[in-house]
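Common to both upcoming complexes is chain A, partnered first by chain B, then by chain C.
Coming up: the complex of A and B.
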């Protein structure tokens, strides 16, 4: 057991260090990108605060002075990094509320969507991948291969719109957008989940094919275990290892997808907030949300590492 | 007559090509059948045809009866019902036959639980007593990767025989085992016919055949060359091939000429190594001279492989020093592995693997071809993938690969334990010839005292470290 905790601590330390590095890089890059955006930031922020009809050059000038937007870029960067080091994300430039509070609400929604997407993708990828893996090169296998390529090639926003048209507009099974209850979760989850499953079902399939062709699979059979017991006791666990690792790799796609799909479905999550903050030049919000998404990626990878250690006893053995 | 296994005119085809047969034989309960022959002779095909596990590309013809019932025309699902309950199978590669993610106790226990259909408590007890009988105590919680070859073999034996199937098929059961384990496994196997069961053993070792007795088939390239009572075949073989197979037994090898020794190339002082928290042995001392052929022997599990890793600099010693001669380059020490298929990338052709090594070390390709020729490997074989050549060929290709790096020291970890005696003798003779010609020093790890005595200039026997008090 001591070995197990030691290896978990190693993982935690490595991911902790990665989190710090990600914070600094994302902090600098998001700052630089906001600086590089064309247009007058003070003007856009003033418009966000008072509405386009209610603001004028004087209001924009007041905003500029209040937020210190006229200071040289390195002074602003230094101020931002200094705040970051104190775990202070500042206040929204548009709403004046603390960024942390905004993100805390949105993050919950985004995690719900991400969780829903992973669940949806596994619901599709596992049965399809196992069925095709047990019957490689069958008709089913080839059809799934074609479908996978097609679905992976369709961008998430297009898939989302198609799902809305079929299941919300035509069949009226699910609401179109927004968030009122759990029924709103289904369509965006599957929009993301189908894209994830399009690749991961093939990974499951290959892992199952490899396991089924192994010497230990044959020996499990010839020592007398039934095909079903061999599958559940040996094949699935061995096949799970590459699959879990791959799901970790897919998280990058997931985070990118969250930004797009939340916008399509008006989902009150962090990706939606990021897009709005960019339009409103709410620099503090952009930096805060980008940072959260970066750290989310590190945290999800940590979960994958720990899951792999749970499945593979070799990692924690002597 | 009451028979356990009866085979009538069995042939195995790959497309139109006949790989085996026709062979016919029958064994009654209490009987033993030994199948002997070199690698690639089709010995395993017989076992696979009886079990119904031939690869999909192969086709069997002929009649097979198990306990009087014809099985060769049964659907696969029905044949699978015999596995574990009527026919037990010992795998050829015990390491690869065990689930790498399940501890050894679990792999035996599940056979008692689900195949012998015992209650969880009974299965647990039966597994415990099996581990005791096979002197596997202490290995219960180890993963297959942490077992020695001999231990893995015994774990597989315990799992395969849990449901006490009356027929046991053993494919090369003593491959890679040290002398002591070797005779223990033979004793285990010999108990099967004594208890009224039926044993079908595939081997290339005459000593194994002699001790198991019964009747014997000798195969060469898929053709039956001799058949009769084992003792008679071994004592008075009528076929010249059988005779050459017997001559290849290390017991009957001539003693090799002593090498002329040069400077010291490797000095080891007070070396102690550990795998994980397990201390293996300590105060190992060695001075290896140029051109020397050294054999390291010792019981299985003592850490022969780990010692080689330490000598190669792949493993940090717990204490002591391994000092290379300064003239040795970084790649001056090369290692040959016990399991050749595991030492090659699966899906890449052999020629690409070799060419990559040659390019990396700026070795002339003609030189590589010359080594291959010396080792008796035709260049045409290189277009194949590692799983498309025999184990003996692959091991010789891996020797050629190691020589491509122009090493001064070759560490060979039981390089021939998976080969049949004729190929083994040829391979080791080639290795000795290369050592004499190129002045390479070779450290050969072997469990076979006969090989050590006949082949090496000097033998070091490893003994276990006293149990640590930690």
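Coming up: the complex of A and C.
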């Protein structure tokens, strides 16, 4: 047990250091990228604020003056790093609201959607993957392979619209878009979850096939364990390792990579916000969002590490 | 897979079904493309005003005629330099605080300090005097009351600002108060039972910003949204066959126009701009891209601006041969590849436009194709709309395609003055100035003699039609789908209000 805590502490310390390094690098890189974008930032910010009916050169000049965009880049970067050291992400340049408030709301919705999507994908991938893994190369396995390839190839946008047409417009089971309650979570979760399950059910299947072909599986059977006990005690636990790692990767992808699904379902997530912030040259929002996503990656890696240690006793002994 | 889907469906249905059955219909959901993420009237005023959360001193009806809002009457001094606005008594903000001249002056002074419409008026001071709001000017300006009807001059409560004067809440005097705000997607509203005017019939309402046109059409078809604004052509024609909704298209004072750099050697002769205009397939664009054939813009000001639109103006035509002849007159000769040349220079130009209005890049592609026929090589650059004012300022712009709303204030003189007044404007004339137009605009902005005003408006409209510093392409239609059981819906062509307070559900 002492070994276990020691290894957990090592993981925590390593990831803590990683978090600090990630913050600094993400901050500097996102700042540099925003500076490198073509076009005049004052014009872009004014456009984001006032819209094309009200935006003109006078508005752009007022923005330039208000935000000090004329200052040399190193002064601006230093100012932001100074704020960051005091845990202050500043105000959105476009909306004037505190960045931390916006991120808190949007990150919450993004995490909810990501969680829903992973739950939906596991609901599909685990039973399908285990069933096909126990019967490799069967007719079921081949059909699932074909379906997986098809569903992976369909863009999330198209899948989302098809699901809405069937389950919201025709069957009227769920709302089309928005976020009034848990019923709003189902369709976007399955839109994302089906795409994820198309890959993860094959990961589960391969892990189960490997486990079933292993020596220790044969040993367990030989020593007299029933097929069911072998499966639940040994095979699933071993097969879980690659699956947990893969789910971690998927979660990271989900939190930042679901812009199009957020837009289709009018879901106020962080990916959608990041894209808008980049268009509007909202440097404070872009930096705050990128930083949050970077730290989230570190946190996810930490969770995956700890989960794998929980599942695999060999890692604890090391 | 289907098993888990239907299981999830059953669970969610069980959770959602019971409250739905108990609910009587006293609520509507509105869907539109515009996201709201700010408390600032300068940024989000358009939506805050449309949802009847905050109000202006001056209001306007659907024809653009001014009517009392939070001010009951207004008058200018004899020299036209001082305006007094008498305020409505007994009005309270949603937080219970009283609306008075100090609150109005605070809000208007802030709006005046921001980029926006008040900076375009010759204002020198805004003060409170004996319970009235007094605005002083350094030149007579009759459109001032119309400017105070603009969305960025709505009046938030003093409590809506923090100690530094930054807007931090949505508190107004309107028929609806905000019960929840989830930027950028949604605002929940509840009826303001202490409203000074006729109280709303609905108890609650929800505003949902759905950026994609497909999503909005699906929201309308499924009944999740009761009123959906701004449909794309495909969604609009589909919804017109859906039984539960009614679709409607209302002409609005927005026009798709081409801004031409008249200082550029290719375009400094009005004949060159006329040639460009003759080679615009307006009917085809209106039929195939925006899908309202009657909206081909044969003059700049759309019919919705009834005082500025004129049936007497000679309409702009499409005539490729005439366009070619005009360019030949100017010394342009077709080269080997069909592109015109003059003094060794090819007629190759760049058009700037932006994707926020999805029809603009399509119209740009149609122009590219059509202008090739008259020997103009057009490169289309689709980027941020801020590239257009930026190109105006640094002189690098050739032509730009954009949508201009001349109905931002009930009287369009503010926008017209900005676009065609001295020096032109970021969203108007470039490298073009006409003294007759400048003089006429000065009269329109300052006279209260309606006949004189109308005569000068005709002068401006005629000169713009002949000189074409900005070439009109198509006018806009505001497309809406409405649930058939929803009554009392009035679509405002000036887009100042969604008309929420008038709506009610028909009894079954």
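Here is the rule we go by: the second predicted complex is superposed on the first by the 300 of 318 C-alpha atoms of A that agree within 3 Å, B and C clash if a C-alpha of one lies under 4 Å from a C-alpha of the other, contacts with A are read in each partner's own complex, and residues count from 1 in each chain.
In this text, a contact is a pair of C-beta atoms (placed from the backbone, for glycine too) under 8 Å apart; a residue touches a chain by one contact, two chains touch by 3 or more.
Not measured: the values here are computed from a predicted model.
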item	value
Three-chain arrangement built on chain A, chain B and chain C clash or fit	fit
Contacts of A:165 with chain B and chain C, given as first, second, both or neither	second
Partner chain in contact with A:238 - chain B first, chain C second, else both or neither	first
Which superposed partner A:224 touches (first chain B, second chain C, both, neither)	first
Touching partner for A:62 - first (chain B), second (chain C), both, neither	second
Partner chain in contact with A:142 - chain B first, chain C second, else both or neither	neither
Residue contacts with chain A in the superposition, chain B compared against chain C	C
Partner chain(s) touched by A:6 [first = chain B, second = chain C, both, neither]	neither
Lowest inter-chain C-alpha distance for chain C and chain B in the superposed arrangement, angstrom	29
Footprint of chain A on chain B - complex, ascending	51, 53, 80, 83-85, 87-89, 91, 93, 96-103, 110-111, 114-115, 143, 145-146, 156, 159-160, 162-163, 165, 275-278
Chain B partner contacts - residues on chain A that touch it in the complex	214-216, 218-227, 229, 233-234, 237-238, 241, 311-314, 317-318
Complex contact set, residues of chain C against chain A	1, 4-5, 8-9, 12-13, 15-16, 29, 31, 35, 37-40, 42-43, 46, 114-117, 119, 152, 166-167, 182-186, 206, 208-212, 214-215, 218-219, 221-225, 354, 356, 383-387, 389-390, 392-393, 402-405, 408, 418, 425-427
Residues of chain A touching chain C in the complex	39-40, 43-44, 46-47, 49-60, 62-63, 92, 94-97, 102, 105, 120, 123-124, 127-128, 161, 164-165, 167-169, 171-183, 186, 190, 194, 197, 263-268, 273, 276, 279
